[in-house]
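Here is the structure we will look at, set down as structure tokens.
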Amino acid sequence: MGLEKLKTILKNEKTSKTLELRTPIIGASGTYGYNSEFENFIDLNCFGAISTKGITIEKRLGNDGDRIFEVQNGLINRIGLENVGIEAFIKEKLPVLKQKNIDFLLNIAGSTIEDYEKLAIIAQENDIKALEVNVSCPNVKQGCLEFGLNPNSLFELTRKIRKNYDGFLIVKLSPNTSDIKALATAVEQGGADCISAINTLRGLGIKIDYIGNKFLKKTVQGGLSGTCIKPVALYMVNQIRQAVKIPIIAMGGISKLNDLFEFILAGADAFQIGTANFIYPSICSNLAFELNEFMIKNNFKDFEHLKGAIINE
Amino acid sequence: MKSKNYIGKIKSIKKINNDVYKLNISSDIEDCKCGQFISVLCPNKTLRRPFSICDFNKENKTLTILIKLKGEGTKYLSSLKENDEINFLAPLGNSFEFFENKNALLVGAGIGIAPMLFLKKEMNKKNINNYLISGFKTDEEIIKGSDENIVGGSVLDNIEELIKNKKIDIIYSCGPAIVLKKLSQLAKKLNIPCYVALERVMACSIGVCRGCIIKLIKNNEINNFSVCKDGPIFKGEEILWD
Amino acid sequence: MGLEKLKTILKNEKTSKTLELRTPIIGASGTYGYNSEFENFIDLNCFGAISTKGITIEKRLGNDGDRIFEVQNGLINRIGLENVGIEAFIKEKLPVLKQKNIDFLLNIAGSTIEDYEKLAIIAQENDIKALEVNVSCPNVKQGCLEFGLNPNSLFELTRKIRKNYDGFLIVKLSPNTSDIKALATAVEQGGADCISAINTLRGLGIKIDYIGNKFLKKTVQGGLSGTCIKPVALYMVNQIRQAVKIPIIAMGGISKLNDLFEFILAGADAFQIGTANFIYPSICSNLAFELNEFMIKNNFKDFEHLKGAIINE
Amino acid sequence: MKSKNYIGKIKSIKKINNDVYKLNISSDIEDCKCGQFISVLCPNKTLRRPFSICDFNKENKTLTILIKLKGEGTKYLSSLKENDEINFLAPLGNSFEFFENKNALLVGAGIGIAPMLFLKKEMNKKNINNYLISGFKTDEEIIKGSDENIVGGSVLDNIEELIKNKKIDIIYSCGPAIVLKKLSQLAKKLNIPCYVALERVMACSIGVCRGCIIKLIKNNEINNFSVCKDGPIFKGEEILWD
């Protein structure tokens, strides 16, 4: 079964910059590794792209202590951006991506504006097609989310990255804000080609048991992901759709075909799948197949008429 | 063996003591190694649940796991019936190394006995001298198959003597972290290798999420390793214990 | 079984203003009606208080269209502050509360600062013991949440209410912010005696089905409540605990005894139960009984040693 | 009768056509009225699910409800077995008014027949003339108990004639909103009273959350009423239809 119908072109109408994806299904950053870790479970040719684990200038070991906390229909993580660093990525991971012909978004994070600029330059030098700028990671003490929650800094940051990078520039937004529209607008005006949203919600997981006259507790403060954040993600995506014209890669709790339709209605042009990969490691290819089948069966060319149909409030 | 997602069938499920169930699962899986584990979908929970492979029958492709009741995930699994489907990733993780001419001590504390039973069986096949000692809190909790069961006390109580008497020159163990830590320290003192099977809360169980990290010291450098992919078996001496 | 152990005194240490509650379990605003609607299901003597449905100056009919949307482990509502108005409340509802000896927090909402001032004055005149100021309702077009998301306006608002009201002043915070600590601080400095949190998260519910060659859709944008928001609520309560000294009434997804302990660890002094009332209408009294039993069985005088034990980040 | 939370027992559950189940539930409930409903806990869903009371046997305190499969909540309920527990709030809402000397037409469209069956039974007891007409899409969907079943078409097709022929001077109905609306308009035209049983998504089902509001015009004033507490039965002429 060919997946031609799923071919997706994300286009910044203003600059005509585009990103072509085989399918609109992308493995979300932090849940898909660096390159081909999932190849036992999925058909690498049938999904759109990987968003790499967030890459920083230096290698990072991430947080100490418990990193994962399960909640109802979701997950709190505090990985703390453990990653190999940009140098090792370019040397060890990039060749595999190229060799296996895997499309990818390079997800980057920094603690200073200079970090982001440097990463953008390296991406440019290495001819990396698409950059996903993570300004929304709640799990590091410095930087990252700081830039992501203030429209002015976000505008500046986007502009500076844009100056140094010619490829398809995606900025990933945080839902931990009172005004996502202002953030989206800042990103668009700063010159980004696309917005991805949402990153994790801030959450605190506490497990407490009274055993043998003592309270035993376990706590993990970090980012909340999974089905439980879907209503928030739909809200945020819909707000962004109302604020900007550039395309949106939507995520947050996607795990089934109907979720894709819901996000299309809210305004999504493509999708990322995060937490669901842990439960169903084949989900990215399965969703692509299911979507394709649905389109063929019901004679859909695309979903343009549905896109962002909800813009009531 | 590449790890894959299997839909197996419960061939049998048996309560083997007051809170442990033995599941035989048949599927298409061709092979797996001693020390590896599987990661089982529990529809009532967000995350899959990891379980050590306790036995594997290659002829009829049947895996055995032992499940000790802890919370909702294991409760769900214990409620499965013969012929029910079970969705799991397997085989996962690294495996035990074998050394033909050594006398191996196998130590299973509590449900940690599960991978040790598989290891013992393989060692027996390979004619490797081995002695499996297990520890349980009460008589009711004993899981059979060891050469010696310690009930009450700790598996570590007389272990130094045992190591000397049996001329042990390698240790393999699985159980609570504190047992593994002490055993590793003892092994270091006695200058014999010690392999331990670790546990961590897991999200992806295939090495991508970095949720199950352990720090190891190798060549004086501290680095992160994933329990799910680089492990669950590590050399005790390399582990940076909390 | 006496519930003496559950007696809870919320105290503003600075002003020594207190609110005495029979138990720390309060029925949350909007889910408990105005007075005795729940009396068939619970023992009115065994729970701490009702927080009334949000009251405005004028009677409000609320939003048109669908108002309730179910999600996994949660609920989106867009009631839109339907209420009888303060006049009818004082005339018709207050006498019942008094006659039945039901303790309550008067939950108020306004579209202007003047609204809030007027409501405060009326509360003062009618000798109402406790006021819960809702600056966090996401379901009205004007006012309310606007005041609740800006520390400066929130400080001003709190100060003006404080000037007109001598009783126990509680301000209820929204989680739809990037900086709950700043909001909490503003409220404390404005003179409030207590903070309650959290109100609902902004969410969008979409149901889409493909039936007979057509996509049928249903959408409700509103406030998300229930178990699915508990990790966010724990995070917010914990942040507030780190920012201010005044007591906290915590809520967000509470439905069982262990939830109470989790919120105590995060920093709660008392609790409100919202969505869970819809599922278990006796839950407020049941939780009080369970907590009491736990304290007796395990010889607890109080939970002071646990309170806010998590202050790591 | 005050409404309360009951833990009942499934006395019997029967599939009565391709997607409707009949549940008999015994509990401590003493009484309930025609037109009232119950609100059932579905552990797999956040909200309770409301169902009209279709019959009530006072002697052995047994309620009957009819459940048509819609989504996960009704699916769960249809999977209940004899003797399973069922948690429900009851009795809820207002009830039908009876008029001794009128000729009543009862109209049940689809699963809307449920409260009509109860109403018919009570009217028969009270010797009130009545005629129950029901409508179903296909033969397979027929639920028995009516005086006349319309299959295919609409219950409204020849209803004006029927009203004249049977000298109907009051109408009671339950079914899809569009049917109730048209019926109300017809009744107004013919100047006879019409009572309709409405449905709304409900959260609390006891009148406090204001989630299930319907607007009524009384004395030229528009006001909110809750379907769960002020309803589910309303006078058709007072309803402000969308």
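As written, the chains take the letters A, B, C and D, and residue 1 is the first residue of each chain.
Basically, a contact is a pair of C-beta atoms (placed from the backbone, for glycine too) under 8 Å apart; a residue touches a chain by one contact, two chains touch by 3 or more.
Note that the structure is a prediction, hence the values are computed from the model and not measured.
Asker: Take chain A away without moving anything else; what clusters of touching chains remain?
Answerer: B | C, D, once chain A is excluded.
Asker: Using Cα averages as centroids, what's the distance between chain A and chain C in whole Å?
Answerer: Computed value for the inter-centroid distance: 34 Å.
Asker: Approximately how many whole Å separate the CA-defined centres of chain A and chain B?
Answerer: That gives a centre separation of 35 Å.
Asker: Cα centroid separation between chain B and chain D, in whole Å?
Answerer: Spacing between the chain centres: roughly 58 Å.
Asker: Quick check: what residues of chain A touch more than one other chain, meaning two or more?
Answerer: Correct list: 71-74, 227.
Asker: Once you've mapped the touching chain pairs, tell me: line, ring, star, complete or other?
Answerer: Here the contact pattern is a line, an open path with two ends.
Asker: Looking at the whole structure, which two-chain pairs count as touching?
Answerer: A-B, A-C, C-D
Asker: Quick check: in the complex, which residue numbers of chain C touch chain D?
Answerer: 30-33, 37-38, 40-41, 53, 61-62, 66-75, 77, 79, 82, 226-227, 275, 277-282
Asker: Can you tell me which positions in chain D touch chain C when the two form their complex?
Answerer: Going through chain D, the ones touching chain C are 2-5, 41, 45-48, 89, 201-213, 215, 222-224.
Asker: Considering only the defined contacts, which chain A positions touch chain C in the complex?
Answerer: 71-74, 76, 149, 174, 176-179, 201-210, 213, 215, 217, 219, 221, 224, 227-228, 230-232, 234-235, 238, 258, 261-262, 265-266, 294, 298, 306, 309-310, 312-313
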